[in-house]
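Read through the structures below before going on.
In what comes next, subunit A is part of two complexes: it sits with subunit B in the first one and with subunit C in the second one.
This part shows the complex of A and B:
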C-alpha cells in the first residue's frame, strides 16, 4: 500500500491508538465498532488523532462520521477541501 | 537493610507469572512506585512496581522463567525503614489476594498514571498484536528479540519465525478465559449476591457533557463513562459497606476509593484495573487517568498497582449494550455497578409523559456486608449525583 494515501495514513493512526488490532484483517467499509469492538474511549482517541494530524475540528456530534475507515476517509477529504 | 522482592499476587486467581524483562540492573536504584520488572500473566504484561526506595543487589530469576506467586525475584538493599511488608504471602492452594499488599496504591506517583493516548511504552519493540500472536504460536520473546536484532517486531515477523519451526501451541485467549472463569466461579461460590436496579434520567448529565465538550479540543473532552465512574466513587465514599474488601471472614472498609474500570480486551476477555482515588480527582484528571488506562490495556501493558487496588468496580457495555447489565462481584470486593446503554425511553415527570435518555444502573452487592436497603441508598445517591453533573 502506498504509505502516503489518505487511507493508509488513517490506518496508521488507527493502529497507533489501538495497537491491539490486526490491520491486515480490517475491512475499510465495515464499522470499527462492529469489527474491532471500538468503544467510546477508542472513538475519542481516534478522533483526537485525526483532528491533530490533519488540523481539522471534529465536533462531538461528528464522531459517527469516523465509524469506518472508508467513512473517515470521506470525512477528512471533505474537511480538507473546505479548508482550501 | 537487605530484603527479597517477591512476586505479588495480582488477583485472587493468579498462581504464577513468567518474567519477561528486568527494568533495573544490579547496582541500579529503583524508587518507590517505580516499575522494577515486567511479568506476563494471563491478563497480559504487567509492570511490577517497587514498594521501596532501594538498590538492586541481585536478580534471582531470569527472563523466560515461570515462577509461582511469592517467589523471590531479586535481592534489594533498602535505605532506612521498610515502608511496607517485605513479602507477598507464600503461595497456598488458593493464594489470598493482596489488595492492600506490598504496593500502597495511594502513594503511587501521579505522573505515572498520565500518558498521552496512542503512545506505546517506550521500550516496546514488539507490537502487542505481534506479542499476542507470538504467544498463540508458542514463539518465545527471546527468539523474537534475537530475530529482531534491536528492530521493531511486527506480526508478520512472528508468523515468519513460527513458520520456520514446529512449535507447541499455547492459547493466550483460552488462558484469559480460564482466569475470568476462576474469578467468577469463586465470586458465585463464595459471595451471596443481591441485585438492585434503578433507572436514571440521564438528560442532565448528557446536556452538561455536550456543553462542556463543545468548547474543548477532542483530546480534552470527557466521556459519559467518566461521569458515571465519578458518581459511583462519590456515592461509595459516602455510603458505608460497598467500598473495600471482604477478607478473612469480615468486611474491611477502605478509606480510599479506587474504582475498577472493566475494560474489554479485543479478541475476548476483560480486565478491571483501578482508577486510583476516583472520588478525589476532578473530571479532567479522572478522564486522563481513564484514557491512559485504556491505552495501557490496548498496548497489553498494565501496572501491578492497578490490578490489586480496586475497592469497587464499574462495568458497562457502552453504546452497543443493552438496557440492564447484572454484574458479578470481583472478589475480594463487595460491590459492582453495571451501567446499561443510555437509550431514549418514555419517562414520566410532573404527570407528563416525555422522552428522555435513560440510564439503568444495576448494583450487585455482598449480602454478608449490606442489605438491599443500603444498596438502594447507594443507587439513589449515584442517581442524585448524576442529576447534578456540574457538581461532580
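This part shows the complex of A and C:
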C-alpha cells in the first residue's frame, strides 16, 4: 500500500470524527491530544472507524497506539502485514 | 425492586466511619459536625485553613498531601507544609496584583500542581475560586469568564493561545492572566505574566483571611436547559459537608491514599479532588493524563490506592477493555470504590466485585448541593443499580409540583417524583450569579428541587429515573441544549436547530443536533462536517454534537417552542405523548 494513501485515508477518518482538525496544521508525529481538542470519546470513534475501514481488530488497550497520525499509520501497517 | 443485594461482612482492617446507618442518621447534626471540624466554636471558617493549617496542627505537616504523576511516570510530591507555603505565596501574589478579597480567580488548567496552589491560595486569601473546564472551547469560556467577572486567570501558554487570546479583547474585567509555562525560554504572549516568576518573588508567610460561613468560596458553572450557564456559588461553610461526606461516604481516614479521577473543571474535582479529602488528612493521587485502562490499573496498584472515586463512563470503558487486564495487577490496598457523575448501572456495580473483589458504591449529588446527598455506604449492603440512601444530616424526599405552583410530597413507595431536599445543610448553594429569580425558582414550599426524577423503595433506597428537564448528561458532563443550539445558530447555513441527548453505551448520553437548513443550502456529508467542525472549534469536543441530522422542519409548539421531547421520543421509538400543542406544518 502506498504510504501517502494510507496517511490520507487515516486523515480523512480523523477529520470525519473531528472535523475541526485542519490537516495543514497537524504535526503527524505529535500526539493529537496535544494539538487539538480530541477527547476519549473521539478516540473511541476514531478507533472504531479505523477498525471498520481496514478490517482489523483493535483492542481498547491498543488505543494508545493511535495517539498520533504517524503512530496510527505504523500500527495499521503492522496489522495489515500480519493479516497478509 | 432489587434483584440482588450485596451484603457486607464486617471489615477487617479499617473501622468504617459509618457502621450503623439508622444510628448515624439519628445522631448526626450539622452544628456538631461544624464543631468537630473547626475544633470548637470559632466563628471564622475557611476552606483552605481546614485543608492545610488544621492538618499541620494535627502533625501531618510532613505527610504528602498530593502526588502528581505525569505522562512518563515521573512523580512530584508536595507535603501539607509545602502546599501551605505555596498557597501563602499565591495569596500574596493576589495581594500584589490588587485582586482584593472577594475578587474571582479562575484556573484553566489540567490536573497540575499549580491548580492546587492557586485553588487553596485563592481560598486562603478570601477570594472566590473558579476552576474552569480546560476542554471548553472559546465560546463557553467567554460566557463564563464574563458572567463570573473573573479578575485573574491562571492557565498554560497553549490553552491561552488556543482558547483565551481570541476572546481576550471582549473581557475588560479580566485584568491579569498568569501563565504556567510548559517549556522555558519562549516569549510569553502579550499582556500576560509569568506565574512562576510572580510566585518566586512572593513571601510564603500569609495569614488566612478571617472568612465566615456565609462568605462565597467557590464558583462553579453548570448548565440549564435555557439561558446562560448557571454560576453556582458555594460558601466556605460547604467545607463542613464536604468533610463530613468525605468521612461518612468515601470513608476516608488520615494517611490513606485516595484517588479521585474527576476533572478539576467540575465540582467533584474540587469538592472531592481537593478540599474534602485534604480536610481528612489523606494523600491524594493525581494523574495528569487522560483515561487509559492499563495506566489506571497500574496507578491503583503502584500508588497503593485505598479509596477510589471515579465515574460510570470510565467504569464502562474499563469493562469494555476486559477484566483480564485488571487481573494483570493486584490491589491488596484497595478497600472502597465509589462512583459519581451519572447513574451507575447494576452491571457496573457488580463488575467491581469481579475485577476488584468489591462493588462500586454509587453516590448522587449535583453542583447546587455542594456535597454528596444520597449514597451507598461502605459498611452497608449495596443494592446494585440504586443511588443509595440519604446521607446523615440530609432530608431527601420525592415530590411532585402541583398545578397551583405548590409541592406535593409523595408518601407512598415506588412512585416517581422529583428529588426534593430540605434546606439546612451547609453546602447548599448560596445563589446563581446575577440570577436571583432562577435561584428562587429552585425552591418550592421550602424544598430545593433538584430536577432529577427517582423512585424510592420501602427501605429508603433511591432509584434514578431521568432528568425532569432537557439537560444532557454526557460522560459525566452536564450540557445545556440551549448553549449548543445557540452556537450552531451562528453557522451561516443553519436556520433552526434542536439538540437532544441520545443513549450512548459508553458516555450515557451523546449530543445529537437536528438542523433545519436555510434556503440555498443542500444537506450532505460536506456540510455536516463543516457544521460539526464549526461547533467543535467554538464549543470544544466534549460539548459539541457527535451527530448531526438534517430535517425539513423541526417539531414546534404553536407558540414556536421547540419540542425536544418529541424529537427524543421519535429518535428512541418511544410513545410520542400529548401532541395537542404541536404546530400543524410538522
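Convention: the second predicted complex is superposed on the first by the 80 of 84 C-alpha atoms of A that agree within 3 Å, B and C clash if a C-alpha of one lies under 4 Å from a C-alpha of the other, contacts with A are read in each partner's own complex, and residues count from 1 in each chain.
Note that in this section a residue touches a chain if its C-beta (ideal position, glycine included) is under 8 Å from a C-beta of that chain, and two chains touch if they have at least 3 such contacts.
Because the structure is a prediction, the values reported are computed rather than measured.
Enquirer: Output check: A:75 vs subunit B and subunit C. Expected answer is one of first, second, both, neither. What do you get?
Expert: Neither: A:75 stays clear of subunit B and subunit C.
Enquirer: Does the superposition put A:64 against subunit B (first), subunit C (second), both, or neither?
Expert: second
Enquirer: Check the residue A:16 against both partner chains and state whether it touches subunit B (first), subunit C (second), both, or neither.
Expert: After superposition on chain A, A:16 lies in contact with both partners, subunit B and subunit C.
Enquirer: One more residue to check, A:40. First (subunit B), second (subunit C), both or neither?
Expert: In the superposition, A:40 touches subunit B and subunit C alike.
Enquirer: Taking the superposition as given, does A:54 touch the first partner, subunit B, the second, subunit C, both, or neither?
Expert: neither
Enquirer: Pick out the shared contact residues on subunit A: the ones touching subunit B in one complex and subunit C in the other.
Expert: Touching subunit B in the first complex and subunit C in the second, residues 16, 18-21, 33, 37, 39-42, 44-45, 59-60 of subunit A appear in both lists.
Enquirer: Inside the complex, what are the residues of subunit A that reach subunit C?
Expert: Going through subunit A, the ones touching subunit C are 15-16, 18-21, 33-34, 37-42, 44-45, 59-61, 63-64.
Enquirer: Can you list the subunit B residues touching subunit A in their complex?
Expert: That would be residues 117-118, 120, 127-129, 132, 155, 210, 213-214, 217-219, 221, 223-225, 264-267, 290-291, 294-295, 298-300, 318-320 of subunit B.
Enquirer: Contact residues on subunit A for subunit B in the complex?
Expert: 16-22, 24, 33, 36-37, 39-42, 44-45, 47-49, 51-52, 58-60
Enquirer: Spell out the residues on subunit C that touch subunit A in their complex, using ranges where they run on.
Expert: 135, 137, 158, 290-294, 317, 320-322, 325, 475, 506-507, 510, 529-530, 532-534, 536-537, 540-542, 546
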